[in-house]
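I am attaching a structure below and will ask some questions about it afterwards.
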C-alpha cells in the first residue's frame, strides 16, 4: 500500500531507496581484567543488519527488548559509531562523514524519542527548544523571522503560538511529544526516525500523535522509520515491517503479508502473544 | 569479587607511592627549610653545614634522594628523625596514636548513636515540630567552629575553669591503660565537641536518604506484604538508606584518625593532631611529613575498606 | 439471572470515594465507584492515567491511609468492611488473604535482599514457621509460578533475574499465604509482549488451580479481553461502564468505551487510514467537569449533560451490564450501529439526530 507524496519529485533518484543499510554491525565490549580493560565478552547488539528504506514509505521495525532496534536507529542517526557495515543516505555514504559535512547531513535525518518527559530540556522554553535546530545550523538569523518559523511549526503540530514561552513541565505527555515532533521538523528533514513515539502515552492520546505523524507524512512527503514493540501500532502505520531479534532481522515483509501470513516462527510467536490476539 | 578486591588494594598501594613521592618533592622544594642548616643549629660554620649536608645525603641528585627515601619508607617504615624532639618520627607517631584513636572512635560512637536515630525520626515525621527543631539544632552545630564550641564547653563545664564543674578540664588526658577512669572522663567533653558537627551532618544525611528510600516502590510492596511498619522502616527503608552514609563514615573516620587538630589543641590531648600542630609551629619537617603520610594512609585504607564493604552490602555493585 | 445472587461476591465495593488534599486543591481520585468481584473470577479495571483505577486498588489494600486520604464508602471483603478495620487488622489481611502485585518488578522488589529472603519474609509476617520450612516453601512457590531451577533462583537478587522472572518472583511472593484475592496493578505493562503472554497465562492458571479471585488493573483492553471475565471501565474517578467482558467489548454502551475501542490500532480487522482519537485529554482530578465527567470530550453530549450526574444503571435487557450515561438507550444503540458500520462520530451523530425531535430543555 503506497503512501501519498505531496508533490511529485523531479529528483532523478526518486526511485532509489532513501536509506540503504548493508551489514550494519555494532558490538559493545564488556570490560574485564585487573588493570587493563581487556575485552572479555562482546554484546552483539546489531549483528549484520541490511535493509532499504524507500522514499515516502513508513518502515516499521519491531522486536522485543534487546533486539537491537533502537541501536540500529541510533547507528543510522550517527548517535553511535558502528563497528562495521555501510549506510547510504540519499546515495551518499553516511558512516564515513565527519565534521561540517556530517553536520549538513544531519539536517536531513531527524529523530523523535520515546520519553516525552526526558527528551525535552526542562530549563528551556518551548520556543527555545523548537528554535534550537535553527540556532545550530545558523538558519533564520533574524529574531522575528525565527519566531514566526517556530510558531508555524507549533501550529503544524497542533499547538498554539501562546505556548512559545511556556516550559515543558506545563504540558501533558502528548503535547510534549508534539513539541518533539515540531523540533524534528524544523530542518525540513527527508527522514524521520520515531523511536517508540507513543509507548509512554495514554491510549487515547496515542491515536492523536499517530494521526499527526500520518498527516505530516502526507503533507511534507516524509519518509518515516517507526520503531516500536507494539505490533498493532506498527500494523496501523507502516507499509513494510522488519522484525528484529537478537541483533538480526528475521523477517522483512509488506504489511499485509506479514500480518496475515507471517513466515518466520518468531514473527508468528510475537503475533500470537499480543494480548487480545485470540479474542 | 576477589578480582575487585585485589584491584582496589593494588590501586591503593599505587596511590600511596604517589602520595609519598609527591610529599617528598614538595618538602624539598619548600623555600624555607634547609634541613642541614636547621640541624646544625645557630651560628654553625659553613663547613659544619656542608658536612651535615653530605651526611644527610643532600648532595645527591633529587631523584636519588627520592629513591632512598621511598626505599626506606616502604621497606623499613623509616619515617625520619626529628632533631627538634630528639626522637624518631615513627616512635613519636606510635606514642601519640592511641590518644587520637580513642578520641576518634569515641566520637564516632557518639555521633552515630545520636545522629542516625534523630535523622530517622525526622524523616518519618517530616515537617513536625520535632523535625524542624532537630534540623534547626543541626544547622547550628554544623555552623559552629569546633574550637569555639570546645572553649564554650570548657568555660561551662570544666572542673578547673568552668561555671558548673562537672568534667575534667583541658590537659587532663590519661592513657587507657594507666588510668581508665581518668581516660574516660577526660574524653567525654572532647567526644561531645568533636561529635557535635558530625552528628548534625549525619542526622541531615540520614533524613534525606531515608526520605528518598521511603518513597521507593519496594516500600509499597513491603507494606502490601503485611509487614509491620517498624519492619518496613528498619529492614527495608533504613537498610537501603544507610549505604551512602557508610561511605562517608569511613572517610570521616579515616580523616579524623590523622588527627583532629582543633579539638586536640583546645583540650590539650596528646594525639597526632597535636603533634602536627606543634611540628608546624616549630617547622619540624620530618614530623610534618610523617603525619601527612599517615593521614594519606588512613584515607586510602578507609576508601579501600568502603569499596569492599559496599560490594558486600549492595549486590548490584559487585558486577561492575 | 445473575450468578452474584447465588453466592455473595468475595469483594464488594460500595460508593467508594477517595480524596487527597494537596497544595493545589483537593484531588478527587475516586468519585463514588461500586463493583463486585466474584470468588475465583477475574475482574479487569480499565482506565487511562488519572482514571483513579490505581488509587481504587491501593485503597482496597488500605495503602492509601497514610497518604492523608479522605476515604468514604464501604469495601466488603467476605462480609467485613475493610475501611472500618484498624490498621493492625488491615495489616494482618495484607499479604495474607488479599495480596497485591505491582507494575515494575525491578523497582518493586527490594534490591538488597535475595528473592528467597523476600518470600520468606512474606510468609513469616503472618505465620509462625521455621526459616528452613519457609525456604522450602519459597522454592515450591517459585516452581508453582513456572520458574526453572527454583532452588538456584531463590538465592538470587532481583537485578540478576530477567523482567519476566522478576514478575514471576513477585507473583510467587504474593501467593505465599494463599490469598483469596489478588490485585494486580498493571502487571504486564513493563514486560515484553511474549513475556506478557506468559504472565497472563500464568495468572489465569493460578486462578483456576488456587480458586483465587483476581482484580487486574490495566490500560490495555487486549489484556482485559484475554483474561477478564468482567470489566469495569473507569474515567476521571468514576466507573462509566461495567459488565461481562465479552459483551462489553463487542457491544459497548458508553461513548468513552466506543472512543477507546476506535482509537486503538488492532491486529485484526480493517486497517483504517486514520484512527479516531478521543479529542482533548483526560481531565485534572482537581477541577473535574461538572455533571458527566466525560461530556467535554463526548461527541454526542447534550447541554444538560453538564448539569446532571449520570448513575450506573443496567442496560435494558442486560442486568449485568451497567452504564453511566445520560443518552437514551435507543439513541446509544443507533449510534453504535452507525459507528460499527464504519462511520465517524460526526457522521453517526448526524445520522441519528436527523430524525429525532429536539430533547425537551
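Of note:
Note that the chains are named A, B and C in the order they appear, and that numbering of residues resets to 1 at the start of each chain.
The rule is simple: a contact is a pair of C-beta atoms (placed from the backbone, for glycine too) under 8 Å apart; a residue touches a chain by one contact, two chains touch by 3 or more.
Remember, it's a predicted structure, so these values are computed and weren't measured experimentally.
Of all chains, B has its CA centroid at the greatest distance from the CA centroid of subunit A. Here the chain pair with the top count of touching C-beta pairs is A-C. Each chain gets a centre from the mean of its Cα atoms; for subunit B and subunit C, those two points are 56 Å apart. Note: centroid distance subunit A to subunit C, computed from Cα atoms, is 33 Å.
Residues of subunit C that touch subunit B in their complex: 61, 63, 91-96, 99-100, 102, 104, 107-112, 121-122, 125-126, 157, 159-160, 170, 173. Those residues of subunit C whose C-beta lies close enough to touch subunit A in the complex are 48-49, 163, 188, 192-197, 200, 219-226, 246, 249, 259-260, 263-268, 271-278, 281-282. Listing the residues of subunit A that touch subunit C in their complex gives 64-65, 172, 174, 202-208, 210-211, 214, 229, 231-233, 235-237, 255, 259, 269-279. Listed in rising order, the residues of subunit B touching subunit C in the complex are 216-218, 220-228, 231, 235-236, 239-240, 313-316.
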